[in-house]
Amino acid sequence: MLYYFKRVVSDILSNKFLNSITIATIALCILVVGVFALFFENACRIIQSGEQGGKMMVYLGPEFNINMLPQLKFKINALGETEKIIFISKQDALKQLKKDLASRSSFIDSLKDNPLPDALRVIMKKNVNKLETIKDLAVKIKKIPMVEDVEYGERWLGRFLSIFSLFKMTGYAISSLFFMIALFITANTIRLSFYARRQEVEIMRLVGATDKFIITPFYIEGLLQGIAGGIAGLGILFLFFLFLSSGVEKNIPLYMLFNIKFLSIKYSVIIIACSAFLGWLGCYLSLKQFLKY
Amino acid sequence: MSIIKDKNSIIRMFNVSKRFGKHYALKNITIDIQAGEFIFITGASGAGKSTLMKLLYLAERTSEGQILVDGMNLARISSSRVPYLRRKFGVIFQDFKLIPRKTVYENVALVLEAANEKPGIIKEKVLKILETTGMGKKINVLPPSLSGGEQQRVAVARALVGDPAIILADEPTCSLDSDSAQTILDFLLEYHSRGTTVLIATHNLQIISNTVNGRCISLVEGALTGAAKLL
Amino acid sequence: MLYYFKRVVSDILSNKFLNSITIATIALCILVVGVFALFFENACRIIQSGEQGGKMMVYLGPEFNINMLPQLKFKINALGETEKIIFISKQDALKQLKKDLASRSSFIDSLKDNPLPDALRVIMKKNVNKLETIKDLAVKIKKIPMVEDVEYGERWLGRFLSIFSLFKMTGYAISSLFFMIALFITANTIRLSFYARRQEVEIMRLVGATDKFIITPFYIEGLLQGIAGGIAGLGILFLFFLFLSSGVEKNIPLYMLFNIKFLSIKYSVIIIACSAFLGWLGCYLSLKQFLKY
Amino acid sequence: MSIIKDKNSIIRMFNVSKRFGKHYALKNITIDIQAGEFIFITGASGAGKSTLMKLLYLAERTSEGQILVDGMNLARISSSRVPYLRRKFGVIFQDFKLIPRKTVYENVALVLEAANEKPGIIKEKVLKILETTGMGKKINVLPPSLSGGEQQRVAVARALVGDPAIILADEPTCSLDSDSAQTILDFLLEYHSRGTTVLIATHNLQIISNTVNGRCISLVEGALTGAAKLL
């Protein structure tokens, strides 16, 4: 093994050109996958942060009184993953309505009675973002006595969530497609670099080297190239990210809110591992062609 | 003559032909070479000398006929055994076939490394053989920086370093001045005297006439000429 | 010229392996750019079709009567690019309110007077999607006599449009980045294929060929490879698109609404032209290195 | 001896040295070659024969000294003029330097195409010279499928097809049997009789002794030996 590493080092040194080209290509491929992952992750996060999970309004019947509130809250909490429950008394609701109507609010004063019901605003946890879950919860809440009606913007929410899931699905499809493309491109590049060295391989075979003896250093090289390429690709991605995010923050200070984030360390490690795998698999695919007897 | 293994035969070709497209490079060759023989293969340019050697170390496959090398039938050998067959041969290729991006030392050492020789022994053997062929001062040079004759001497060193059972030398001295050529030839004779089978393809008649105990196989357009057939 | 084409043909035939690898690489690069462009174009279109340009509600004062409507519409039309103006009488508005409040609507019947104003829903053309333009229009409309108030969801719209423009900006940045990456990868591949042929180039120079004589076929080959790669890339993209869109339409029939579209012919031609340019530029960048004296 | 152009000198080297790293491949070479001369360059392997030729067609640049070829000072020639200089030479490279992916015909035709010769004339000349060197039957073969001697004959054909003013032949017959070698040598002599300057690097003393009107330049470790210096 040590011997193979020695050979790999001398190989890399004597084929600097081929190696640097291969590493550069892997780095660029990783960059493509990385840029897309970054873009996609952040887009998802921004869209979701604009939405903050599901929301619903629970309208209460006239039999409700404020003492029942803790019990009611407890019941609702028991039904699903709620983030927050806010009580809006009918008085508050009327005040809000008056404010909303502004100049046209005079008629409110003419009302004998407050026509509005007491209500609860239920905000669900962020991960609750499937239409069905929200619907389920709404149905369950509606069954609680005292609850008169539940409103959760069924149509709008449904549409939003479907678009979002379409977006996500496409994003995943594209990510895997990009990964496949990265693989093909890497394999092609490695194939070309073998092609440039085919004479050398042929000579080794003629002087009695086994396939294993010939192949092993290539695999190790592929792995190392993959790792080097992955690190380089992530490095460029990080520079690109710094550049872009500083630009965004300067020009659109509003969006400091959605602070754009770099890929997490876990993600980065995965990408480098994928990249190493890429180098290895690229070797595997290319070598098959060159070692036909 | 039968195809059954003879105790002393190291190479037996039986009715071997090699066709490239429609052109026969070798026609109906039947030869029996004893272990330890010193053989010259002669013939005009394009007569099939190199092709005959290529068939032996399986760089090309025969079109017809059978070849036995040290008892192995080359037509039946599995591809994973081919490297081991090739290690029996030390080949001086006509076009040298040095790896341009490896140094002279690495090129020669490669043969021993491929055969899993121990590092210490590799170093010793390689340096010794390069010294003998007169390339001891250029061990760290890359082949493209060598003169034609120097490349040929490296090719000779590589062929001999593994102490092969059979040496196939395809025009081993054509790029060399007569002094260097004689050194190489003496060296081959030394191996021969230790029992190595040596085949030299050449059209340098001077070499042949200087070597008393050699047998001569002549090819004309891929066929053996009368003299050799009788053997 | 004809002579060069002959040489190019014989070159391509005698270097099938190198050519096919280069073309495959260009095709894959174009595929990356194409997939992203397709994804991005459709995402923009879907987001925008969900939005249909800006919208605003114009509330009219009590002095308005139905006969003034055509004149008012005309005035508003004159102020900006409106797509549609819909009149909502106060009676209609009240009915809608009653519906919306459902079980809690009884108080409406107790009203002496309809407290709601007449209103116009103004829908702007799709291309009007800048916050400033909409704001401008709102201010201008508010100045028309009879108009009491204009509402256009300032905060929400502002936020949406900023996110959208951020999305677009990033998309363009990424597209150009991908194009650059495609260029580098192509150049790398071509460089490797020259590397595999450097001996041939060296020999031609030694027998007295001028640089022009050596280079010209390479450039023509690069162009042809670029075009072939572009066409192949678009072809794969189209297959991918067919596959994806049929899948989407089956699983999420809702989204037939946003029928996903392939790149327009104009766009495709541009991509093939870019691809040809890619091949040419790849040659240019790589040849410089190999023809140093 | 001065560096000023002599009416009849086609090649003049003045105190030329070539260094690779610290090693001098050529040391202080001063030669004057008249147009139409027939010159042998001899010397042991590694003496600097090939390097001397490489300096002439600018495959390598001199480290010291001046070279004039047909009145042009090679040190001052602009890189765009180099191809035109090279067309004056027909070079038979020691390692042949055939393009492996072009056929024999294409390899030879390349020289004329690069010189913008008319297609009709190219075809005629190429076929004729391949016929003369005995390769007329292999015009559509790729070089790796040729025997060593066949490759060398193609290399000879390519060097001569452009009717160069100077022929540089680096071991032009080393891979050939004596008959083929004699054919090539006769062919070079024919060019010589038409006024072409011919330089042959070789260590085949037989060729030299067979050629009466040749001048011999001997190199020993990069330096001219006494005999040649006197000229």
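Letters are used for the chains, namely A, B, C and D, taken in the order the chains are written, and counting of residues starts over at 1 for each.
The rule is simple: contacts are C-beta pairs under 8 Å (C-beta built on N, C-alpha and C of every residue); 3 or more make two chains touch, one makes a residue touch a chain.
Everything numeric in this text was worked out from a predicted model, so none of it was measured.
Chemist: Any chains in contact with both subunit A and subunit B?
Modeler: none
Chemist: If we define chain centres by averaging CA atoms, which chain lands farthest from subunit D? Would you check?
Modeler: A
Chemist: When the C-alpha atoms of subunit B and subunit D are each averaged to a single point, how far apart are the two points in Å?
Modeler: 31
Chemist: Just how far, in Å, is the C-alpha centre of subunit C from the one of subunit B?
Modeler: Here the centre of subunit C sits 67 Å away from the centre of subunit B.
Chemist: Could you give the separation in Å between the centres of subunit A and subunit C, each centre being the mean of its C-alpha atoms?
Modeler: Between these chains, centre-to-centre, one finds 22 Å.
Chemist: So which stretches of subunit A touch two or more other chains?
Modeler: none
Chemist: If each protein chain is taken as a node and each touching pair as an edge, is the resulting graph a line, ring, star, complete or other?
Modeler: It is a ring, because the chains touch in a row that closes back on itself.
Chemist: For each chain, which other chains does it touch, given as pairs?
Modeler: Inter-chain contacts occur between A-B, A-C, B-D, C-D.
Chemist: Would you pull the subunit A residues touching subunit C in the complex into a rising list?
Modeler: Residues of subunit A touching subunit C: 17-18, 21, 24-25, 28-29, 31-32, 35-36, 39, 43, 46, 50, 59, 101-104, 106-108, 110-113, 115-117, 148-149, 159, 162-163, 165-167, 169-171, 173-174, 177-178, 181, 184-185, 188-189, 191-193, 195-196, 240, 244, 248, 252, 254-255, 258.
Chemist: Help me check something: in the complex, which residues belonging to subunit B touch subunit D?
Modeler: So the residues of subunit B in touch with subunit D come to 20, 43-46, 49-51, 94-95, 145, 147-150, 152-153, 170-171, 174-180, 203, 205.
Chemist: Provide the residue numbers of subunit D that touch subunit C in the complex, in ascending order.
Modeler: Touch residues, subunit D against subunit C: 57, 59, 79-80, 82-84, 86-87, 89, 91, 93, 97-102, 106, 110-111, 113-115, 119, 158, 162.
Chemist: Per the contact definition, I'd like the list of subunit A residues that touch subunit B in the complex.
Modeler: Its residues touching subunit B are 3, 7, 10, 14-15, 199-200, 203-211, 213, 293.
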